[in-house]
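Both complexes shown next keep subunit A, but they swap its partner, so subunit B is in the first and subunit C is in the second.
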Partner chain A sequence: MQRHYHPAASFLGKALRYSIVLIVIIALNFLIPRVMPGDPVKNILGEQAYYTAEDVAALSAELGLDKPVYQQFGDYLGGLFSGDWGYSYLYMQPVLEAVGGHLLWTLVLILPAIILGALLAGLAGLVAGYFRKTPLDIGLTSGFMLVYAMPHYWIAMLMLMFFSFNLGWFPMGKVTTGGLSGFAYFADLLWHMALPLLVITLFKAAYDFLIMRNTVISICGEDYILMARAKGLGRGWILFKHILRNSLAPLVTVTAIQFGMLFSGVLLVETVFSWPGMGTLIYEAIGARDYPLIQGAFLIIAVCVLLANMTADLLYRRLDPRTA
Partner chain B sequence: MIKNWKKFKKVWLIGLAAVISLSLFAGCEQTTPNADDTATAVTLKVGSTKPFKTTNRFSDYWYGVLTNLTTHDSLIRLGDDMSIKPWLAKSWTVSDDAKTFVFTIADNAYWHDGTKLTAEDVAFSVEYYRDYIASASWMKDVIADVSFSGDTVTLSLSRPYGNLLTEFMTYSIVPKHIWQDVTDPLKYNQTDMTVGSGPFVFESFDLSSCKFIFKANEDYFQGKPTIDRLEVDIYQNMDALVLSLAKGDIDTWWDYSGTFPYTSIPALIKSGKVDFETSTYLGVPSALGFNLEDGPASDINVRKAIAAAINYQQIIEYFYAGYGSVPTTGFVPPTHPNFNADLPSLAYNPAEANALLDAAGLLDTDGDGIREDSSGQNISLRLLARSDQSTNMRLAEILRDALSEIGLGVEIRALDLSAWASVKDALDYDMVLFGATPWGTLMHAGHGSGYFDSRRTGQGVLHNLDAAEYLAACDARLATADPAQQAVLDLRIQELTAEYLPGIALAWTESVYPYRQGWSGWVIDSIYGGVFNGFSFLSVQSP
Partner chain C sequence: MNILKKLTANKLLFFGVVLLGIFVLSAVFAPLISPHDPWTYGQAFLHPSAQHLLGTNDVGQDIFSELVYSARVSLWVGFVSASLATLLGVAVGIWAGFRRGWLDNVLMGMADIFLVIPALPLVILLSVYLGPSIWNIILVIALTLWPGTARVIRSQVITIRQSGYVESARIMGASEFRLMWRHVLPNVLPLVAAKFILAVAVALLLEASMSFLGLGDPSQKSWGMMLHYAFSRGGFVQNLYWWYLPPGLCITLCILGLTFINMSFEDRTDPRLQRILDR
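Moving on to the complex of A and B:
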């Protein structure tokens, strides 16, 4: 007999599961950087500095790295719950400050990219799947396959070359020109983010398109679609009322999963466009073995991914009440 | 609660949407106070790919280097003729035993906040570096006492240190009235931390526009810079920077200890908007070090064989577009003072390499193309390379191919800097690819000794040579301030480097410094990497 849970109980159950996942992530975030080869203290001291063993020991003690690992973990957990996420020895500022500055710019880029990419892929996949094997389908599929097959940093470089260097329509990267405020700042920001946003949107859409198209094709063969046609329903009604809604679930799942991947995945696009986002921060933090910063950055991403998954769970219930 | 479930869900979703919107528009509230109201001002725009983080010169290595060029001054500077030039110290004397250094400080220098720069500031700075800056802790072993009187500062050393002047080229003087109460300089984060005495005054650093802005110091003690405003644009990749230079968005490029990518030069020439200055690079952009303690490379004949198996001209053509020359066994290039011209050049000679390996008893007895060691195992040399440097990876492959030609197997181990340094310090390698910066080749007893002396430390140095005569030569060089004795010992250090081969330079290069056409009057600074330096700021002319 199928058991039915109250929505609130179901929500609490999910929240509990997410909490357990978060705790595991916190532990892994702490442990993984420490098993990597490399010494953060020597990173701080520099490539050519002359120092003694005492200097290394003193700096280790100052950073708390001389304590046993379990004690460091205890300190870290205590700090997390009291709002102190540690101090970045790469940026020489509190971790939350260092992460916050970069997180903002990554969100500014990837949130619109996720939404625009999903919309583009959803519509294109819907049309391509419904009109399967038509020139429209072949054209769309070929186009998105081409984009998907190309490294996104290469697309980024091509766009920079063509639109910024040759045509001069867009700036050569960065977030803003500087020295602006108000509406001028906002317009300048949009101008700067146009190309990186386009690259990430296209890259995400190319991936999602194939999923959407395949889902639509399988749904088109369902009996209820045949019934809808038999009833004489219009093409638009069938497409948007019956097919679209039922094919959205996989897209929502993929989008939630991609949320985390995009944080690190946009690293090379950020690099091409000199965009000071999370990808750059994580790359530098790992390179410098900045444990607090690595922990903080990955924890923030983990929280974002969990929130995205929770959102997907809720949307799923809306899209497919059977999963409730 | 149950009744309100649907309402709660809506609120949650609306909240999420709000967060997304806020994230989108939060940046729009940021403003930068530096609207350019100086339309007629001469502005020099410099592009750099250095990963700047903060404006604390003590905690941000790259910003520290930038301040040495812009906002701060050192006591002395290295001139373009490789001689030591007076700067904040207008003169100095060194005792015969190289234990007492007396500097006379310029009397017309001021901090950017208007306070006069005094000998007391200089004395304070030396003590501050010694006591609070970990990377300068060598001073604790060397500087016993610092005193000042009038316009002179006296450093009394606990042991002779003839290379002190060279060391002091890279330490900028900081204002006592700002730093005297700061006991944790790495974490200091107040606006006055940017105050210096240099040719430019810090104005702003904007992370979103990735740009530093400086304005000219009207009261600079060396004279007002010929540039009114300086912008340092930060790029995260060199390709975008090159495009910006070709397009005219920036005027020149700066990278401490780096060389401009030679593959980009044709594109800049083609743009027709860029001219170039060149100079011999003071450092060694790519070098091969050896494990002298253990493994096949601990045998000098094997090291010589490896050196003879490398086609240096090919490396110069492939990696440096022909802008270079084949090195000698003395490691450092001819621009170094007291260069030892008698040492032989490295030469590609596979026949000699094979003969040396045969003589070392490393033979290919089973005929599989790879020589065996004394235990009968195929030799596989562990070549350590930095994966974060693309040139290194391609170079490692070239070396692997070259060594396979003489029957030596090579296993490339590609690691990022931190892991590379750990493995290198654990001597878990046979060969290691590294680079020596201009300053790095001058440090310690000079001529690359800072990389090889086994007593040295640092992430980038090998500290792999502990031969008594080499260490003694380094100590003797450090102990004398007599130029004649220094010259003799400089030659000796290069000779011993050639004899022991702790590492070989794979190429000496010509550095190429691009700048937008129309700019003139550049002076090249061999230490800080090119046309962007304190000398140029006093002479460069805009188009």
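Moving on to the complex of A and C:
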């Protein structure tokens, strides 16, 4: 027996759940540098920060490490919400600024990839599921399976090598050539982002495709499809009006669940293309052991993933009224 | 028609086992297969020859031998962290699904929190502090993988606990532990197997990603680590494809093998899917 909640109550429940997740993420970020092995001052400031043995006491007082833990956490929260996320010695600027600038470039890559990937997977999955066991289905399925199995940064390396290095069609990385403005800048940007976007779109599509295909296959067996056929409706009408409509909700959920994974994938692809987003930031921060930067990056990625999940929750109800 | 479909399902399993088997054998018999010691330094950047099948890397180590030995760490990390995650996930899933009530709420709430936190960034954050040791990598990966298994097992257990045989065992006075161990667990095992194989694939990819980012254990060789060096030490820039192609290919084939095995399990564990396939 499923109990029925008032929509407002279920919305409140969701909001509560997401707030708890947010608190846990912040607490993790607070605790990890303080409980991990090693010098906590170093853990908080990063290996790049230079200070002498005499400075340690003064620094830990400044960082509040001698205060009780709850007070430290309070200070930490205060800093977080007032924009003080620590200082990155690698980029010589506050963490929030460094992270913010890089996040923008990651979003430039990830948002179009989500839409293009979902469109590609939606169409391919629809066709493959409907024409199951035909050569078309087998070709599409094996192709996407192969992409699914390849490490995405490796696909990125192969593409870069083939299209940029061997054929010279695309640049070897980075965002722009520089010194351009207006339309020329925009065209140049598109040219630079074509390959990374292609890799991430394919990667996203490979995950979605397998789910979409399964959904379509099971919908094809539903009675209302049989009914539509019996009524003599055309194939196109059935495909787009009945099957596509009903398989959209799972596609959206998958997008939300995989947003975290997609983000992780983008991080690695970016390092290959020297794309100045979060991935390159984290890669450089790891190399320099710039802990505040890594923490800031983790926090902002986790918040983005959280927001994506909430959006999908809201969209899902719109797309599938049966669940509301 | 039905037999033909069963055969294709088995064919999938067969291909998967063969693919994975090649790498397991290479891991087990690495000292016999590899022509050189993969840690011995020699002449750097040699091109492929009869002496060095895939040439040598930036410090003159034989790439083919590295590839063979890497199967050990990659598979070991994959299987051990997947085993840990599966054990924890199954225990939590059965417990939560069987008891229901507040325990279920608390455990699944925890699982949900872990599900939303993106795995790779968390893994990076933890391993940056914990340092590059293979056991740290295994623990961290296991920590991020258990909730997925727990969720799936729990929903299966909820249907099983209401079935007639569990009810009659309960009426006959079976203890709670006996009910879970003897009646619930055997019924979720096929699902556990499918989730385990999937977890191995995810763990293997996570390890490769971490190593590629330079967070791997430098005293060990893995495919991700080989890609890391090929990318950061000039193998990629100089287009030494015999260096950066094979490790990626090995990862791909391993994942493909695991996916095939997983698919052949899933066909059997999901009766709904079976019905669809038979149609």
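Simple rule for what comes next: the second predicted complex is superposed on the first by the 261 of 324 C-alpha atoms of A that agree within 3 Å, B and C clash if a C-alpha of one lies under 4 Å from a C-alpha of the other, contacts with A are read in each partner's own complex, and residues count from 1 in each chain.
One rule holds in what follows: contacts are C-beta pairs under 8 Å (C-beta built on N, C-alpha and C of every residue); 3 or more make two chains touch, one makes a residue touch a chain.
Since the structure is predicted, the reported quantities are computational estimates derived from the model, not experimental observations.
Colleague: Of the two partner chains, subunit B (first) and subunit C (second), which one does A:61 touch, if any: first, second, both, or neither?
Modeller: So A:61 meets neither subunit B nor subunit C here.
Colleague: Quick check on the superposed pair: does A:150 touch subunit B, subunit C, both, or neither? Answer first, second, both or neither.
Modeller: Once the two structures are laid over each other on A, A:150 reaches subunit C alone.
Colleague: Does subunit B (first) or subunit C (second) touch A:15, or do both, or does neither?
Modeller: neither
Colleague: Would you sort A:31 into first (subunit B), second (subunit C), both or neither based on which partner it touches?
Modeller: Neither partner.
Colleague: Does the superposition put A:287 against subunit B (first), subunit C (second), both, or neither?
Modeller: both
Colleague: Look at A:303 in the shared chain and tell me whether it touches subunit B only, subunit C only, both, or neither; answer first, second, both or neither.
Modeller: Neither partner.
Colleague: Counting residues of subunit A in contact, which comes out ahead: subunit B or subunit C?
Modeller: Tallying touched residues of subunit A, the top partner is B.
Colleague: Once the shared chain is lined up, is A:138 touching subunit B (first), subunit C (second), both, or neither of them?
Modeller: Neither subunit B nor subunit C is touched by A:138.
Colleague: Kindly classify A:271 by the partners it touches after superposition: subunit B alone (first), subunit C alone (second), both, or neither?
Modeller: Both subunit B and subunit C are touched by A:271.
Colleague: Could you look at A:119 and tell me whether it touches subunit B, subunit C, both or neither (first, second, both, neither)?
Modeller: In the superposition, A:119 contacts neither subunit B nor subunit C.
Colleague: Just which bits of subunit A does subunit B share with subunit C as contact spots?
Modeller: Touching subunit B and subunit C on subunit A: residues 36-38, 43, 157, 161, 165, 271-272, 286-287, 289.
Colleague: What part of subunit A is in contact with subunit C in the complex they form?
Modeller: 17, 20-21, 24-25, 28-29, 32-33, 36-38, 43, 145-146, 148-151, 153-154, 157-158, 161, 165, 214, 217-218, 221, 257, 260-261, 263-264, 267-268, 271-272, 282-283, 286-287, 289, 291, 294-295, 297-298, 301-302, 305-306, 309
Colleague: Any idea which subunit B residues touch subunit A in the complex?
Modeller: Residues 1-2, 5, 9, 12-13, 16, 20, 23-28, 30-32, 34-36, 51, 53-54, 56, 59-61, 134-138, 141, 186-187, 189, 206-211, 213, 233-237, 239-240, 243-244, 246-247, 249, 388, 415-419, 421-423, 425, 437, 439-440, 443-444, 450, 456-461.
Colleague: Going by the contact rule set out above, which residues of subunit A touch subunit B in the complex?
Modeller: By the definition above, subunit A touches subunit B via 6-8, 36-40, 42-52, 55, 58-59, 87, 89-93, 101, 104-105, 107-108, 111-112, 157, 160-161, 164-165, 168, 172-182, 185-186, 189, 270-276, 280, 284, 286-289, 307, 311, 314.
Colleague: Give every residue of subunit C touching subunit A within the complex, in rising order.
Modeller: Listed in rising order, the residues of subunit C that touch subunit A are 109, 112-113, 115-122, 124-126, 128-131, 205, 208-209, 212-215, 224, 227, 231, 236, 239, 241, 244, 248, 251-253, 255-256, 259, 272-273, 275-276, 279.
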